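See structure below.
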Amino acid sequence: MSTNLLLVIVVGVLFAAGVTLLLERSLTRVILGITMLGNGVNVLILLGGAYGGPPIVGVTPEPGMSDPLTQAMILTAIVITLGMTAFLLAMAYRSWLLTGHDDVQDDVEDRRIMERAERDQGLEDQDSPPVTAAGPDNSDQAGQR
Amino acid sequence: MIVVGIIASVLLCAAVSLVLVRIVRGPTTLDRIVAVDVLLAIVVCAIAAEAAYTRDATSLPILVVLSILGFVGSVAVARFSPRSRR
Amino acid sequence: MLVLLIAHLAAALVAPTLVRRLGLRAFYLLALVPASGLGWAVSRTAAMRDGGAVTEVYPWAGQVGAELALRMTSLSWLMVLLVGGVGALALVYCARYFTAGEPGLARFAGVFVGFAGAMLGLVVSDNLIVLYVFWELTTVFSYLLIGHDPASRASRLAALQALIVTTVGGLAMLVGIIMLGEHAGSYQWSVVQDALPTGGYLVAAVILLLLGAMSKSAIFPFSFWLPAAMAAPTPVSAYLHAAAMVKAGVFLLGLLGPALAGAAPWRPLVLAGGLVTMVLGGWTALRQHDLKLLLAYGTVSQLGLLAVALGAGFRDAALAGAMMLLAHAMFKAALFFVVGIIDHSAGTRDLRELSGLRRSLPSVWLVAVLAALSMAGVPPLAGFVGKEAIFDAFRGGGWWKWAVLAGVVAGSALTVAYTLRFLWGAFSDKHGVAPRTVHNVSWPFLTPPALLAVAGLLAGLSSPALNDLLAGYADTYSGAADYHLAVWHGFTPALALSILALGAGAAIFAMTARTTRWRRLRLPFTGADGYERTTGLLGRAAVEVTGATQRGSLPVYLGTILVMLVLLGGGALLAGPPLVGGFRLWDDPLQLIPAAALTVAAVFAVRARRRLAAVVLVGVTGYATAMLFVLHGAPDLALTQLLVETCTMVMFVLVLRRLPGHFAVRPLVSSRPLRVAIGLAVGAVVSGLAYAATTGRQAVAISTAFGEPAVSFGGGSNIVNVILVDIRAWDTMGEISVLVVAAIGVASLVSGGSRRLLRGGRRTPLPTPPRGEVWLMAGHTLDAGLRSPILEVITRLVFHTIVLFSVYLLFAGHNAPGGGFAGGLAVGLALVLRYLAGGRHELNVAAPVDAGVVMGTGLFIALGTGLAALVAGGEFLQSTLLDWHLPVLGHVHFVTSTIFDVGVYLVVIGVVLNILRSLGAEIDRHDRTERAEPARREEELV
Amino acid sequence: MRLPRWRDRLLTAAVLVTVWMLLWGVFSWANLISGLLVAAVVITVFPLPPVTVAGRPHPVALLRLAWRFVIDLVAASFQLAVLAFRFGHQPRSAIIRVPLRVPSDLVLTLTGEAVSLVPGSLIVDTDRASTTLYIHVIGVADRAAVERFRHEVYETEARIVRAIGSDDEIRRLSDPPPVEKRRQL
Amino acid sequence: MNWLVPLPVVMPLLGAAVTLLLRRHPNLQRTVSLVILAATLAVAVALLALTASGDPLIVAVGGWAAPMGIVLVADQLAALMLVVSAAVTLCVLVYSIGQGMADQDDAVPVAVYHPAYLILTAGVTNAFLAGDLFNLYVGFEILLAASYVLITIGATKSRIRDGTTYVVVSLLSSLIFLTAIGLIYGATGTLNLAQLADRLDALPDGLQLGLQSMLLLAFGIKAAVFPLSAWLPDSYPTAIAPVTAVFAGLLTKVGVYAIIRTQTLLFPDGPADDAILIAALLTMVVGILGAVAQSDIKRLLSFTLVSHIGYMLFGIGLASSAGLSGAIFYVVHHIVIQTTLFLAAGLVERRGGTTALEHLGGLARLAPLLGVLFFLPALNLAGIPPFSGFLGKLGLLQAGVANGGVLAWLLVSGGVITSLLTLYAIGRVWNLAFWRTPRPETVAADGAASVRVLPRLMVGATLALVVLGTGLTVVSGPLFDVTGQAAQELLDREPYIQAVFPEEAP
Amino acid sequence: MTVQTVADVLAGTCLISGAFLSLAAGVGLLRFPDLLNRMHAATKPQVLGLLLILAGTALRLQNTIDITTLVLVGVFQLATAPVAAHMVGRAVYRAGHVRRDLLIVDELAEDRADAQPPSR
C-alpha cells in the first residue's frame, strides 16, 4: 500500500510539537501538548485507512470510500480526549487554587532521598545498625562524589 | 470548473496565510480571536466551495454547525477577556 | 504425620486463647502436643530398624513439585524424638520460667508451638520443596521468638539479623533444590537422590544447598547470628539452639550427605567450615561472661562438630554424628534450662557476679554437672559416646581425615575448657564476690533439665541399643559397617584422644582463668562485621540507585518514556528493511493548506509565552486537523472535531480566566534544547513507524466489507455512525462511561470534595427580574457591566434552534454526518451560550436538572438497549430494524440502535452540563466568595 | 394576557418547525408532524421567556429592508476591500453614540445586527436603559461623515420597525431623534 | 451460557448509572454497589467454571461476527482474572464503605466515589475480556479515567500534585497505545486480536518489532516496568487507602495482563523476550532497592509493587508454559496481597495517625489484630513459604532454572535477591512500626482521639482479603491447574483463534 | 449555452468573488492599524463572502434538500456573526486596545466620563 507522505509529515509535526509542550512544567502547556498529541494520533490513525469519499452508502460508491473504521476509532479518541482535557483543566484550576500556580512540582519524598544520595548517606533508620561511621555532618566525604 | 476551483483555492490559501500571520503575531488574545473567527469563516467558505466543486453535499451539516455555533468560542473569550470583567 | 502437623497448627492457633484463659497452666496442656510427637516416634521405633521408613503422601501443588510427601527414616526419627521431647520439656519449663503477667505471652505460646510444628514438618519432609517450606517457617517463627521482647532494640535487631542471614542461606538452598528437582523431574528426595546431575551443575547445586545448611546451623562465616539471637527468652534459646532451628542445618547435611557428599565441593566446604566453626566457637565461648552467651558460642562450636560428623560423608562418621546430635540436644537444652533457672533465682547470668551457687542450689548444680560432663565428653555419658565415635571415625585413611581429627580434638579440648568455665562461673565461690542470694527453685522448674541430663546418662549407657536404630541411617552411606556405638570399646586410640582432650581442656581452662592477654586474639574480620557492612552498603546502594532513578519530576518521567519510545521504535525501524515502500505526496493538493497552517500553528504554539495565545494556536492545529478530515472524506470526524475544538476553547477560557496570562518564565529554560530534541526525535520515529506500517500493509482492511451489512443489518447508510452505534457500540458504551467519569472528576476537583458536589438546579430563589423586557430567565442576575442585550436577545432566539438542530443531528446521523455525540455537543454549546449570556443562574434555570441524573439516564438508556436485546434472545447490544407503513406518515424506518444513540446524546449533554457547572458556575462562585470573604478563602486553601 | 403568550409560543413553534423542515429539506407530513413533536419537546424541556413581538410582519417593508440591506452590504464590502488594498493609507474611524427612538431590546438588537453585518461598522457597546448603540465606524473622514452615518443608522432602525414593529412603535419613529434629547439633559 | 460474558462489564456500568441517579441516597448507593459487585463476582466464578473445559466463551457483541464487530473472549486466563479482580474490588468496596461511614464521607464523597469505582471495575473487566485491540484500549481508558477521578478524590494539595504525575503519565501511555493501534491497523487492516495473530505474522520482522515495542511501551508504563515505573511510587501513596489499595493490586496487573495477552497471541516468536527479561531484572532490583530506601510504609509498598512486577515479566519473558503459568499465578497472588497490604497500611494510618516509620511504633501491642493483618500478607509478599508468594516465585524460579540461559540465571539470582530484600524491607517495617515501643507522639495522640478505633467493616474487609490470600496456599493445586491450563492455551494460540473463527477450523 | 452552463458560470463567479473577499479580509486583518479596524475587515468573509459562496454552492448543487440547508447556514451566520463581533469589540474597547489618534470622535468615552463609573 502506498502512503500519503504529507500526512506522515503532519503526524511528525504534531508529535514533535506535542512532545515539546508535554515536557514542560506548566500544566497548561502539558494539556496543550496532550491535545496536540491527540490530534497527531488521530491523523496517524487516519493515515492507516483508505483515502476516499465519505463512507456513506449511496453517496460514495463502495470502492471509493474512505475507511469508516479508522474514522470511528478517531471519533472515539476525539471524544475521550475532550473528557480528559476537561479533567486536566480542572486539575490545573485546582492546582492554581491551592498553590497559586499550575506548575507541576517535584515529589518531596524523592527529593529527600536524592539529597541523601548527594550527601552520600545511607538509610535514615533508627533501628538499623549505624550504617557508616560518618554521620550526616561528615562533610569531607560529601564532596567526593 | 477546474479553473474556478484553482483560483478559489489559491485565494483562500492566501487568505489563510495572512490570517495565520495575525494569529501568530497577536499581539493580544483578542487579535487572535478575531483572526480565528476569520479563519473559521474561511473554513466555512472552503468547505462550501469544496461541496460546490465536487457537487457533494455531505459536508453541509458541518456548515450548519459552524454557522450556528462557531461564534460561541469567541464570545467566551470576549466575555472573560481579562479587563472587561471589572 | 499429617495429623501431628495439624495438631501443632491447631494448638498454635488456640494457644493464645488458652494462655489468656488458663494462664501459665496452659503450657502444660500445650506441652502435650510435642509430647505426642515424641510418643508417636517412640511407637514407630520398631519400624526404624534396618533402614525402615514411614511414609505419607498428600497432594498440594504438584505442578511446582510441591507435594506433602512425609517420610520418617531413622535420622528423622531421631529428630522427631528431639523435637518432640525437648519441645515438650521446654513448654513445661515455660510454665515456671514466665510470670503470669508477661507481655506477649499468649502470642509467644502460639508461636512456640507453631515453631515446634514447623520443625517437626521439616524433619519428616521427603519432598524438598515442603522441606524448604518448613525450613523457612522455622526461620519466621524464630524471628518472632527472638524478638519476643520487641521493646529492646538489640532483641529486634537480632531477630531481623537471624531472619535475614538464615533466609539468605535458605534462598540459596531453594535454588539448589530447584536445580536438583528440575533435573530429576521430581522434588521427592527419595527420587532425586537417584537422579542427580553431574559436573558443574551439580557443583553449583551442592554449594547452594550447603549455603542453606551452613547458614541455618550457624557454621562459619554465618555463625554470628546465633549468639545475637540469645536475646530470646531462655526456653526459646534452649529449644531453638539445642534441638530445633540450628539442628535443621546439620539435619540437612545428614539427609543429603549419603547422596551428595561425593560431590566435589561438599567435603572441603563442610569439613573446613565445621572445623573452623568448632574451634572459633569454642575459643570465643571462653571469652564470655554471660553464661547464656557462653553456651551459645558453645553451641556454635558443637554445631561445627556436628557438621563435620554428619557432613563427612561416610558411614562411621554419620553414625557418630547421629549419636552426637542426640547427645548435644540433651545436654545443651539442659544447660540452657539451668542458666534460665540461675537467671531466675539469682537475678543475673553474669558469671562475674555469681558466687556460691553450688551451695545454695545444690540440685541445680547436680543437674548442671551431669549435663556439662556429657558436653565435655566424659564417660559414660552420651556426649562421650558420640565424641569418641567421631574420633574413631576420622582415625586413619588419608591426610584430610588426619587433619579433621586434629581439629576435632582441638575443638574438643576447647569444649572441655568452656565446660569447666561454665561450671566454675556458674557455681563456684569466687574470690571477692559476695555469694548471691537466691530464690528457691521449685521442682517442676528443675524437672526438664534434670530429665534431659538423666536422659543423657541413659543414652550413653544404652548406646549399643541406640546403635541398631541409628545404624539404619548410617548404613545409607557407603563404607564398611565396622563401628558400633558403645561406652567401652577397650583401650583404643580414640579413648586416648578423649583423655587428651580432657587434659588439654583442663589446662586451657586453667590458663585462661589466670591471664586475660589471650582475649585479644580474635579474627580480624567476623561475620557480624560482614553483615553490618553488607546492610550498610545495601542502604547506600538503595539510596543511590533510588536517588538516581526516582527523580520525582514529571518531565523527567515523561522524558524517560519518550526516550524509550525513540530507542525502541527507532531501533525497530533501523533493524527492519529500509523504508522504500510506495508513497504519494498527497491525496489532494488542497491538503497542503491545512497541513501548512497546522505546522505553522504548531511551531508557534510551542513558542508561545501567553497561555491564551498557546491555546488559540493549538486550536488552529485542531481546526486544521478538521480540514484534513474533510479532505480525507471524513465529514463526521470534521463535524465532531469542530464541535470539540469549540468546546475545548470554551473550557480553556473558563479555567484560564483565573490563571496568570503569561507562563512563568522560570522553569526549564536551560533544558529547552533537550526537550525540542526529544520532540523532534519522537516526531521522526512516529512518522517513520507510520510510514513503515502503512506501506507494509498486505491484507485488505476489514472495513471494506462494511457497506452492505451496515445498511442491511445496521439500518443506516452512514457507515461511521453504524459502526459507532451498532457494529462497535460496545466501544461507544465504554467511551460514554469515560466521559461520565471524567465529568464527575471535573466536579470533584473543582469543588474539592465538598458535599454540594454536582448538585444542579435552582438552590436559592432568584431575585425577581426588574420590570421591562425579559429575554433570558436569569439574565438580570448577571452584573450589569457584563450583560449585553444583543447577546441576550440572540441567545434567546437561537437557543431552541440549536437544540432542534441537535435533535436533527441525532436522528439524521444514521444516514448523514451527525449522531448522538455531535448532537449532544451541540446542546452543550447551546447551554454554554446561555451561561455566557446570563451567568451561572441562567445555567441553572436553563437545565434545572442534576447533571448526574442526565448522565445516569443516558448511560441507563444505552445499557438498557443492550440488555433489552439480551433479554430478547439476541446478543448484547444487538439491534433490530423496524419498518412500519403508517397512514399519513408513510413508510417509517426505525433502528433500535437509535435508542442507544439517544443514550449517548443524553450522556454527552449531561457531561457538558456538568463540566460547565464546574468550570463555569462553580468557579464563578469561588470568585464571588473570594471577593466577598478573603479570610474564608485562606481556610479553603489550607 | 393568555392569548399573546399562546401566540408567542406558536410563533416559536412555527419557526422551529420551519427550521426542522429546512434541515431535512423535505416538505412532507411526516416531517411536519415530527417537527411539531420535536419543537414541543424542545420548548417544554427548555422553557424560555416568551419572545414578545409587539408588532406584526409587514411584507413589503420586509422586502424593502432586505433589498436595502443587500445593497448596503455589497457597497460597503467593496469599499472596505478597496480600503484594505490601499496600502499606505491609514483609515480614520469614529465611535458614535446612536440613541434609538424605539425603546425595545429587539429593535436594538436587530438594528445592531443590521449595522454590524454591513462591513465598516461595529457595535462597541450598548446602553440598555436608553436603547443606545455605540458604533465604531471605519473610513469616516470628518464630522459630517459621522453625522451622515448616524442618520443612516436611524434609517435602518426605521426600516426595521416598519418591517416588524407595532403601530405604536412605528409612530415613535417620527419623534425627534433622541440625540438632542440626550444633549438637553 | 455465553450471555454471561458481557455482564462483568455491563453490570458495573449499570451500577454506575443507577448510583448516579441515586446520588442523594448514599445508603442506596452503597447497597447497589455491593449487590452489583457481588453479582459480578458470581458471574466471574461461573465463567471460570464454564471455561474450565478449555473452550473459551465467545460473544460477538451486537451480533456482529468477528472480525467485523467486537468479540469478547472469556478464556481461562480472562476468567481467572475476572474472579480475582471481582473478589478484590468487592472487599475494597466494603472497606471503603466502612471508611466512608466512619468518616461521615468527609474524605470519600459517595456521589463521586461509587460511580467512579464501579466504572473502574467495568474498565478492568472489559480489558480482561477484550478480544479486540481497540476495545482493549477503550477498556484501559475506562479504568484510567475512573482512576484519575479516584486518585484525586478530596483534591488536597498533595493529591493534586501526585495525581498530576499519575494522570499525565497515564495519558501519555494511552496516547502511545493508541499510536500503536493506529500503526497496527495501518499495517494489517484489522483490530480483532485473533485475526491480528494471523496478519501480524505476515509483516516484515522490523515492522513487527516496531509494533510490538510500541505495545510493550504502552503496557509497560501501565504495568510499571523499569524504567517506565518511576511515576508509580510518586502517585499511588497519596490517595485514600482503598483507592491506593485497589490501584496497587489491580491496575498494574491489567497492564501485565495486556502484555501477557498480546505477547503470546500477537507476537509468539518472541523477538522481545530477552528485552523483557532484562526489563524484568531491572524492575525487580531497582524497585526493591527503592523499597529499602523508603521510610514510609505506603511508599515502601509501592516500590515493592514495582519490584514484583519484575517477577511477572520474568515468567512472560521465559515464554515457556511453566514460566507463563508462574507469571499468571504470581499475578493472582500479587493482586490479592498487594491490595491487602495497602488496606492494612490504611488501618495503620488510622491507628497510628501516619504511615511514616519514624512516627510509628508498638502497633503489635496496641492493635494485635492489625499486627496479624499486616504480618501475614507481608510474609506472603516476601515469598515466605507456604504462602502463595512463595509458590508463585517457586514456579518462576523453576521455569528460570529449566530455561538455563544466562539471562534466565541472572533473573533467578535477581529474583532471589529481590525476595530477600523484600523480606528485609518488610522486616524493617515490622521492627519499627509494630515492635518498637510506641513513639511519644503516637501515644499522646492516642489518648485523645477516639478516631483511633478501627471500624469493624474496614477490619473485616481486610481480614477477608488476608484469609483469601492465605487461602491461595490451600487451593494452590487447583489454582496451578488453572494457570497451567491458561498458560498452555496462551502458548497454543489455536484454541483462542478457533473459538473466535470457528469456521476456519481445520 | 445551456442553463447548466449559465448556472456554472454564475456559480464560478460567486465562488471566486467570495474567495476574493476572504483574501481582502486577510489583507485588512494584517494591515489595519488597530484591532477595531481589523474587526471590520473580519466581517467581510463572514457575511458577503459567505453569502456569495453559499449562492455559488446552491447553484451547483441544485436540489431542494441541499439548498434549504444552505439557506439555513446563511441565516444562522447572519444572526450569529454580529454577536461575536459585538462581544469582541466591546472587550477590545474596554481593554483599551484602541488607537485613539485614529478616532475622529469617541462619544462612548464622553458618555462614560459623564456617567458614574460602569457598574461591576
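Should a chain be cited, it is by its letter among A, B, C, D, E and F, assigned in written order, with residues numbered from 1 in that chain.
We take it that a residue touches a chain if its C-beta (ideal position, glycine included) is under 8 Å from a C-beta of that chain, and two chains touch if they have at least 3 such contacts.
In this text, all values refer to a predicted model and were calculated from it rather than measured experimentally.
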Message: Considering only chains that satisfy the touch condition with subunit A, which of them also satisfy it with subunit C?
response: B, E
Statement: So the chain most remote from subunit A by C-alpha centre is D
Message: Of the chains shown, whose Cα centre falls closest to the middle of all protein Cα atoms?
response: E
- line: Two candidates, B-F and C-E; the one with more touching C-beta pairs is C-E
- request: Give the label of the chain whose average Cα location is farthest from that of subunit F.
  value: C
- request: Determine the centre-to-centre distance between subunit C and subunit D, using the mean Cα coordinates as centres, and give it in whole Å.
  value: 74
Query: Could you state the distance in Å from the CA-based centre of subunit A to that of subunit E?
result: 22
Task: With chain centres taken as the means of their Cα atoms, state the distance from subunit B to subunit C in Å.
output: 59
CA centroid of subunit A to CA centroid of subunit D, Å: 49
- prompt: Of all residues in subunit D, which are in touch with two or more distinct other chains?
  reply: 19, 23-24, 112-113, 123
- prompt: What positions in subunit E touch 2 or more of the other chains?
  reply: 134, 138, 141, 145, 148-149, 152, 155, 160, 164-165, 168, 172, 179, 182-183, 185-187, 191, 234, 292-293, 428, 431, 436
- prompt: For subunit F, what residues touch not just one other chain but two or more?
  reply: 20, 25, 27, 39, 41, 49, 65-66, 69, 72, 76, 79-83, 85-87, 90, 92, 120
All touching chain pairs, where touch follows the definition stated at the start: A-B, A-C, A-E, B-C, B-F, C-D, C-E, C-F, D-F
Statement: So, in the complex, the side of subunit C touching subunit D is made of residues 773-777, 787-790, 792-794, 796-797, 799-801, 803-805, 807-808, 812, 846-847, 888-890, 892
- line: Per the touch rule, the subunit F residues reaching subunit C in their complex are 76, 79-80, 82-83, 86-87, 90, 118-120
Query: Can you list the residues on subunit A that touch subunit E in the complex?
result: 22, 27, 30, 34, 37-38, 41, 44-45, 47-49, 69-70, 73, 76-77, 80, 83-84, 87-88, 91, 94-95, 98-99, 104-105, 107, 109-110, 113, 123-128
Statement: Per the touch rule above, subunit A residues touching subunit B in the complex are 53-54, 56, 59
Message: Residue numbers of subunit F touching subunit D in their complex, please.
response: 20-21, 24-25, 27-28, 31-33, 36-37, 39-41, 43-44, 47-49, 51, 64-69, 71-72, 78-79, 81-83, 85-86, 89-90, 92-93, 102-111
